[in-house]
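The chains carry the letters A, B, C, D, E and F, assigned in the order they are written, with residues numbered from 1 in each.
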């Protein structure tokens, strides 16, 4: 929560810097206005509260009235929210607020389309750590708003033993033995494997989750047969909206996709500002 | 420069938090390794220095050897750079470094494709303020690396009089008169107009730059005729790589496009890490 | 705006540190008081809002009532403003608030005297970057309050090509050609020259503004003749209130003076505090 | 020490912001240069180490060679110091470094002139808390460099009981009794009085230091007679370089003067930069 | 005050990090609740205002109702305070608030027991700089709440000449002469000595306070005889609650004890939270 | 890692503030010295690297030579480490460095004694979130150095469903169903129960870990029988070194104890400083 406020502060500073030389010179401080944020394309909205905070950091007196809540699908040309207050504040915050809202809604909309393509499938779609630096908490939130789930938040809240760890430790078994006793008892261990031999070793070593990394469909199916429910199965690597359906049918528990965050584009959202009166 | 170091710090903190519980428990502190960053698709590289800084914030002893410089086109599977040092540091910094590099190179690559489509045209392509909050300086840098130019950095270093300013001031003429005398003599004034009447008023008021906002090709051509070189002309609104060529042929001086930054996707870059030895 | 709040925070911390050991031990927390800020000499007031923020950072419940607005001339012994609230807060904030107000009003008063000496002259007086480190935005604001205008805010919002740039690039023409295409189209280019040859080169290269640095009156007049309206002319170097009149008559567009900020002294402002009651 | 580094950081950020658009576009990154800082008038130098730190924050590779040490008197046109390194870094840091050096040396020079006027007098000249917000530690350092001494650094390291404290507590005696037992045993108590009755009360209450505030010479003499060595005597209020001598002869122990800091002007110091070679 | 808010911010961040994954997933945002903080053992309460600030940093709408004030003795099972507001906020802040309150009350309770053991003795018990890093101001506050007094806050607000200083300066006399003239006139000088010879030298040099470091009772008595009221006497080193009484009878003015802060344990305080209703 | 550097910075600032007025006035800047850190009682050392960082933040040129590594048992009077460099830096950093080292080693020593009392028992001893605000990462590190393990680091990296969560959700079953699907697949769920009925419900709901809160030995044994290995069992509440042995024999998997951190006292460690030469 503190970290989001901090990012908003940075964002306002980089845009406003030593001052908005247009607005400060043209708009009297006492003028009031109203801003209507409009969806310029169909979208799933995410980031309403961040939008509110952008304006509140500039002026605590702003009034913020959303017509929707995060996760709602909004049709083109609908008014997403209204914000009322000093005209200067609306103009100062407009671009930054939209930049947040367009990006987060972009991710939520993107994720929703993935989710729709696997509706009714018994598989969990999760994100990765491929997020915009500085935006981890926000983007993972937008993923949840879109309907998917999160993988670990960072390196601190889940164990994922990768090839480098395995190589240095001299095999999966050694790595598992080495780490098991040191972890909090609330943390599970996931092991990344790239072939069936790895799958067998991870199973024997007692991995809670086995990540099948960059395997083709055939090999995935064989791996899942081998695992046979003794461990949670995650499929990872090169997941696209096209391959998603087929992967979902393999019987894997989890599919992870970096594309959920790193390939989402901003959706088009704009703001119409009206002043309540003129400079005197 | 300070602000980039600060963003890197935030990015490392959000990924590492209270510690990398996998690596700290599996990799001895004294092990060394080498990481090779590889282009997994053709791309224009941008952000090499930021990548270096990510690792240096973790450990000043790291050795960083780029094979290219920002702006270079790199073919698929080429090694972009090598980084050598403590294995722990490579594993700690890997994801954050790649997240920076993939995004910035994504923008540079995207911008380069736009530039290629207007090669030999006598028009300047510029970005907008539609950047990722927190990333303004970095993304505008990546735009330059890709070959396009920057519009103003923020609200502080250029005047852009928009419809709201005009409405409050009671017309373009009033607005121009009101602001002219207050500005630094090093700043130009741009006025946004959406019809030919606006163009005429802006011309008469002595605007340095006139932005034709969301006009169709016909109207743009008429506006440019009307302006006839007495003011710099910028075209803005809904610019895509498809419309770019046609817009470039109108004779406008400048085309601005938010898509340069907000619609670029991350390019695929990965890191292969090898340890020089094993845990003892 | 964030940066001003940050400077106020630093200022309060350096004065209060681990606590006001006099007041905390002598004044009960619940006592209320009123403070009257008095002009001890004639002055132009600047910084009222900063003064308010100083007290509000200590206690949001403070009531702040200014009798004037920034830019007003105030006679000796007039009450500038009243501030009401906890007596402890008044005593804690008094010195810091006055230190801000005395300095900013000092600059505004100083600048006003310069402006009065060139009243009716058709020339613009501007400041420089010779400001107190940490105070750039505040001091440039006080300059505007005093009636003069600002040169660029920093290195980021205007181009000023100086002798070092010219020497490295191999002449004014080369420098101009090198930079022109890289800049935002909203930024003008100023070139600093120290002789008539420089003036000619800058003219030919198409400088938007030519700064005549440290020239005597005769040479300035010749330069202005030569330029003949084809470029904006700025006079710089050793400008004092005594030379101002003569310089203003040369026909230059702009006179810049570091003395506006670096040679202003603080004006005398004090605060009378009355408690509404006594310790019980 | 941390706080000075922080002020330097703020100062560089406010000057450089999103980048030095002149230098970054004109000076190649690999060019080296040398900067000579020159005294343009006779002065007492103060702030050499801060100057070094300004450049080192930009680039740790800079080489810094002072010809003098803080407190030295320097004649006009002498070279104060040389700084060598990347030409870009010299140009980036020049103005900020000089702004620090000019101000601190201005105070040291100003204080030195006060000290010279009371050479051989057995009195201690001290500063006040009337310092530039954000600069307390630096300006108090410059006062010491100039030869005077410091009063308390802030509200935290010394007790000064003023009229408001006395009024609320119901007299000097009550105030002294109230606070004595609560303080650290390393802190002395100073009481501000404005008439002889106050002097008597402060004496009886056992004040360590008595501040005679805004008294005329006659009254000061009577007060000092009355005190007769039983308490340290400080004279305060409206002290100028003209009144200093007469005040010093009253036999007071200490004279405090806000003018030491708030009325010092910046001394003239400039920097000549030479590049070692040209852009290729 | 700023520093305490900053420590609270750090504390909340380290506990909450990227979010309370239990509460955010189980407790609806609109649910309200009430928390009762209960003393689980007899204690002296300290830190009520910090506790309030913890919750207010999370949500300014919280209502905070203490039943006691800092310094009050509270019996087992009494309700210390109530806090009302969003259930989520209560659960988020509970542990951090208690961690502050338990530690500060632990110190106050510990100090109170020391004070009780020397009730009626004419000696002042003070703390040292042996405080938890980051907690100096808070722990010294808790010491005062417990009834003891503070030694200097840090290295900046009092002079304590120790063996290293003496050795480097070539004796106590030299050290005193060297420093006397440089200090603010509001600061006293304390000299640490470990034998009677040191006592004599400190006396002759005019030390305001003499610290008898790690002397036995006999030597302390001889030293105090020798000093005979000409200097304030502080006893230091290995002070425990058992030795306190005997030390107090030596006639020393001050006894300092690091144990007041570094050996206090947290007292047991818990929080009962009740929700006003259920998830719908 | 950043957070520890930040705490060190705060700690140095609160101790040094505006400067060490004793040392700066008595010890020449060029004097060198050596400091020997000595164990004044038997202890388990923890925090060597933090100690190094304290001195390095003051001066990167310091030389730091530990004779032990974290976790080593050290006998009374042994030299723990040596630090060499500027005498001023040794004196500036001494207290802060020791304050860190005494506290962290205090925890490690305390934890080691707990561990020794259950040597050979097949149970895991873990800490809680009852840590000093600001010190979470450091104190949890000291716990591991002492030989015990960590529970979750904060609210972000493990789920612990407590009575409030259960009450609001309408029972354990509902709570489990509500949260299961929303969590990362790397996080386990622990449920806190206080009676056998709770145990049954938690078992049925599929809790990964069941925390038996404040149960007596008999009830604990019955609970463990009931659970019969189908879930991990944690005992919590009022664990002391005396009850530890008996609790360990119940067959529980985990015993958690807030006393590991909140009831550890600082161990006695001091520093002997010798200067290599004298002031000249």
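Please note the rule applied: a contact is a pair of C-beta atoms (placed from the backbone, for glycine too) under 8 Å apart; a residue touches a chain by one contact, two chains touch by 3 or more.
Keep in mind that this is a model prediction, so the values were computed, not measured.
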Name, by label, each chain that touches both members of the pair chain A and chain F. B, C, D, E
Remotest chain, chain B as reference, centres from CA atoms: E
Centroid from C-alpha atoms only, then distance chain A to chain D, rounded to Å. What do you get? 52
Separation of chain C from chain E, taking each centre as the mean of its C-alpha atoms, in whole Å: 44
Of all residues in chain C, the ones touching two or more other chains: 3, 14, 16-19, 136-137, 153-154, 156-160, 182-183, 187
Looking at which chains touch, is this a line, ring, star, complete or other? complete
Counting only contacts in the complex, chain D reaches chain A at residues 14, 17-18
Help me check something: in the complex, which residues belonging to chain F touch chain B? 1-3, 136-137, 140, 153-154, 156-157
Contact footprint of chain A on chain B as seen in their complex: 3, 6-8, 10-11, 14-23, 25-28, 31, 33, 87, 91-92, 95-96, 98-100, 102-103, 129-137, 153-162, 164-165, 167-170, 175, 178-179, 182-183, 187, 262-263, 265-266, 273, 275, 278-279
In the complex, go through chain A and note every residue touching chain F. 124, 126, 144, 149-153, 156-160, 181-188, 190, 208-209, 232, 234, 253-254
In the complex with chain C, residue positions of chain A that touch it: 9, 12-13, 16-19, 58
